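The following blocks contain the structures, represented as structure tokens.
One chain, chain A, links the two complexes that follow: it is found with chain B in the first and with chain C in the second.
What follows is the complex of A and B.
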């Protein structure tokens, strides 16, 4: 590129304020999210319509064999199962836009109630797990990179690679075997002990193990990434310069190398939200945590479309939101990143 | 003058476009790193070979695989039962290896499904451009935005209880990554002189796609396929563990672990630990081989970064 054009480009970038750029990014992403969310929910409905499984059987259970044909037909009409899929999709969509999320057949309650009851617990678990994973991997990754090649580093790298291959539910089961049954430190599952009332102390006691398992099972990728980008940062000129000036090692690592290594880390966290959702489904199921993620499994077993569609949509929205937040953070943290695209 | 493609494609010394810092970070490895990488590859290949061989031969050779024996439930590991027995008194060593065979088979078939689908969509998207490309890429975005396990659960829930459902649910959720890799490869190939030459000689779009583009993207697609295998194994086990996957009577690692759940609560940790160990060993050796292969064919990307 000729210098003239480079100059003018630099000027346009500078002239636009950072806040304006971020606002533009947010608007663009939200606009792009609408067709994606529509496509996903339509796909869920089409898949459901193409399924050979008839939800009326789930509703009746074995009693379907005794029910009269007229009875079944009237229930079918009541449950809105007798109309073409596109009409049902349209009803569902307009219902959502007007705030009516429909009825969940498997929970026998309005979907909105199910969400209101369960979503806070999932958010609590996921936020604690993510926070734990981030703090843990920053500390461990930094230690590994700092002691590159030493036994600490080799141990951390080896354990990290091994953990990448272990599914979260295995980690969860082994943690239960060790900490709940072997050592008896923490409760096995649930939100409260049997018979006790819901209180902060109870919840924290029951939250420790699921959140730790979720955090640990998410962290190997983050740890290895922090380590790798710190290693790259250590070889860069500004770090060599700081070392040459006699800056203390701790300051070099924390103030000179880490900031450059953190930027891709923020993006990686955003990109790993799908895995966090996956982990939450498995961890909630193992620990009988009363969140939305374990409701996915219940809804799936019962072919409960209204709940399943909303939960899929929520998860998709969470993924899109995660990558948006990561990109916004990247723009705000690093003046070199442009907010285009 | 046109260079021969095969020459520029093979791995040589580090590519000049690697940044100076990256090159220095890589240089630390040097000769010792090369030896270690080679050792790791050999270990991975040997381990995978041994596992596959055991999974194929042990269940076939053992006298009565999957015999239920209620007098021998939840026995800890012993010389007679190296992995112990499960809650129905079945020998876990034989059952785990049989499960590994099922899990690997399901994973391999689903990988083939998603690779074929991904390659087709990616090649079509990259080769046609225009609105087809934009539309397909939006679909890819949508598929990528849904957490894979969740979409898999939706698909399995609706076509429940069959092996086909599990294969489809894994195959239909993982093609998007392959599609994106293949598309960018095709985009890079489209402007090569030999494609221009073919087009100016009067070749049609499909002819170019079949004869020039597809052969060139096969290595990339195969690599993505190998990288997908551990992921597919994970999804099969997760679905079966949730009780949504393979039929419960079929020994698969996920089903065994799902049974092991109640065993763990009764103190029988070995029902989870040994099958999970087999699973981890398999996953690690496959991804080790894939990482070595990637380092060899695509030297700019280091194996320690994520996919």
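What follows is the complex of A and C.
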């Protein structure tokens, strides 16, 4: 038999079995996600019920100051605020299963509307931030590793370690001080200038700063990680071999070292999703970005169960999805990795 | 979360100072038929049944009556002043016939009936129902006349008629109003329609072409929400807005060049409650001494930059004929000490007085998110200390305040200039004790005050009515149960030279862009 053909058949078989393993991985994770999501949402309900915030104050607002106790009690009854938390959870769950996300009391609008209006902005911000973080850290991390020990490397490492300890909202405030108030290049906050209508140019102008802040505040770990794994890769046999063969340094880094270094990087991105979610909350608050993350605060203070639960579920789902995608990517990219099971 | 907020805003304040140097305010929009305002507060609902613009100036809505800016109510959706009969138990109101809702529907008695019935029907869970507790029934006499029947004689009823009227169709279903589409898509008869509302960001009002008072000349008003005072001030300085609401000192600082600062008198008081059934705060000598010890003019100067008035009773001078100028508690700490000495409160070694083993010490709560109330509490504590009464301070949230309000003192704030009954009755009448968390929370009880307030409720004739409220104020200052500290002015910056039509107004507690200089913006015209 033609050796070429044998080879290709073996390869196909192996690919098919890997695809099967990935499918198995996805199915297992999805099945596992169901109880996780259930438990998380139950925990949200229990925590909200235990919190000191009384939703009646939120419903009344300043009107509470001249409300009579009898009227407050009757409204409480109408709104069913004294319903036990487990019954509430059950109502909410059965609503979700039938496609009804419920009413958000703090936003005074259906939860589905709130999500439809706010989620796209959060996704836009988070995706841009993440993309920026990935590109930025790949470039900077590679430069640092390449020039290991040089002043660029030392500078990058020092700044990276320093940034690791700075919370995103401080980065955000510094960025506003510098680029908006100091230099006047970019708008301070919001989605558009006051008075302007919603258009791509306006949104992009307002997106630059928050996305950059989110990206930068996420990148120190990634930069340091890329640098470290590249340094490890440089010492591996195939890189040494390539260098010995006289392959040009740029090719060695880009073609030989980087691919090996990238594998753990992909997993790391998946693991960074929780940080990205928290970062988004803080960045949205500072920049008055009208996304879902800033609604979390409002919902929590009002003990607004339906909105709070759905937002927490979304965050949990994002984390689970992030780690799943990272694992799938690792399985597909590296034949040595076995799908868990 | 609060701490982070505070940190953010104080840091922004620091940056704001840096940015205020370069300012050449030019109006960016250009077209004087549009206006761009900034507000520090975004309403959570635009439904009058949930308290939106309850004191009038509702923009999207009209009441049967409207405030004239200076203590009187004039007909709005009513065709003429309502006529009370049966000793102010029955009020008959003839309605205008030329009124249309934003959706084109015509306005009539059915809408008024539906709105008021929904306001008091528990099924609608309206948050304003308590203010209408005297309403027994409302009926349509004919298509353009309604009749309110009250279960008590109530001369202050016109002040309840500024509430915005909703179309009957919006109230067809008896559900808690938290779920009503009106919260976000208001339909009223008012001078402006809601054109767009991007939550957390801005709201656009567009002139209602069929407005019965004539189409407003300023055809589009955009209100941008920016919670941080310093950010707003800075954006005004950059020429971005045509006006905004600001704390007095900040307003003074940016209100120059093409802007000017206006300060409006209000009925918005700040007061310290003194729970009547507690050993220290319930002692009449302590109550009087604290009232004399509080240096109100100093508080107005230092906390409000002079933009306020000392308060002794809930009725401010700006309420004109209802104000009793003699009802005063002049600052006199020496007299305060003497009163305490005579009552047997002897100074101890630490300067704090005691009587029969009880230390003259109590706690004043304030809402932790309200800086101004905190400052008033601190100033009060310092003055009380000077006469030997120790005041501890506690920053609390709404739930904690509600739990402790029966035993601890609290800084209260509020007020409406529409009628003295609104200012005094629920705060001071003994029948209000125990009927609601913030109704007479200090359990104040004084027969002379009670009977004067009751007489004020049942007297329609204006001069005689005013006499009752003046008597109530005199009776109160002879036996004070709270320490009213000040009426705060509300301050705004407005762009000059583009429009005319500004008229000063005496404001309720509510302020922002619906009140302020823009309370009558529908009557403003571009300057030629």
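Keep in mind that, in the parts below, the second predicted complex is superposed on the first by the 314 of 341 C-alpha atoms of A that agree within 3 Å, B and C clash if a C-alpha of one lies under 4 Å from a C-alpha of the other, contacts with A are read in each partner's own complex, and residues count from 1 in each chain.
Here is the rule we use: contacts are C-beta pairs under 8 Å (C-beta built on N, C-alpha and C of every residue); 3 or more make two chains touch, one makes a residue touch a chain.
This is a predicted model, so every value here is computed, not measured.
Contacts of A:236 after superposition: chain B is touched, whereas chain C is not reached. By the document's definition of touching, of the two partners only chain B reaches A:165; chain C does not.
Shared-chain residue A:72: touches chain C; no touch with chain B. When the two structures are aligned on the shared chain, A:95 is found in touch with neither chain B nor chain C.
With both structures placed on the common chain, the touch criterion links A:106 to chain C but leaves chain B unconnected.
Of the two partner chains placed by the overlay, chain B and chain C both lie in contact with A:173.
In the superposition on chain A, A:43 makes contact with chain B only, while chain C stays out of contact range. Chain A uses residues 52-53, 169, 173, 176-177, 181, 188, 285-286, 297, 300-301 to touch chain B in one structure and chain C in the other.
Put simply, chain C touches chain A in their complex at residues 1, 4, 8, 11-12, 15-16, 18-19, 28-29, 36, 38, 44-45, 50-51, 54, 122-123, 125, 127-131, 133, 176, 178-179, 183-184, 198-202, 222, 224, 226, 231, 234-235, 240-241, 397-400, 402, 412, 414, 426, 434-439, 509-510. Here chain A touches chain C in the complex through residues 52-54, 57, 59-72, 74-75, 77-79, 103, 105-109, 117, 169, 173, 176-177, 181-182, 188-195, 198, 285-286, 288, 290, 294, 297, 300-301, going by the rule given at the top.
Residue ranges of chain A in contact with chain B, taken from their complex: 35-36, 39-40, 43-44, 47-48, 50-53, 157, 161-162, 164-167, 169-170, 173-174, 176-177, 181, 188, 221, 224-225, 227-228, 231-232, 235-236, 268, 273-275, 277-278, 281-282, 285-286, 296-297, 299-301, 303, 308, 311-312, 315-316, 319-320. By the touch criterion stated above, chain B contacts chain A in their complex at residues 21-22, 24-25, 138-139, 141-142, 145-151, 153-160, 230, 234, 237-238, 241-244, 257, 260-261, 264-265, 267, 269, 272-273, 276, 279-280, 283-284, 287, 302, 304-306.
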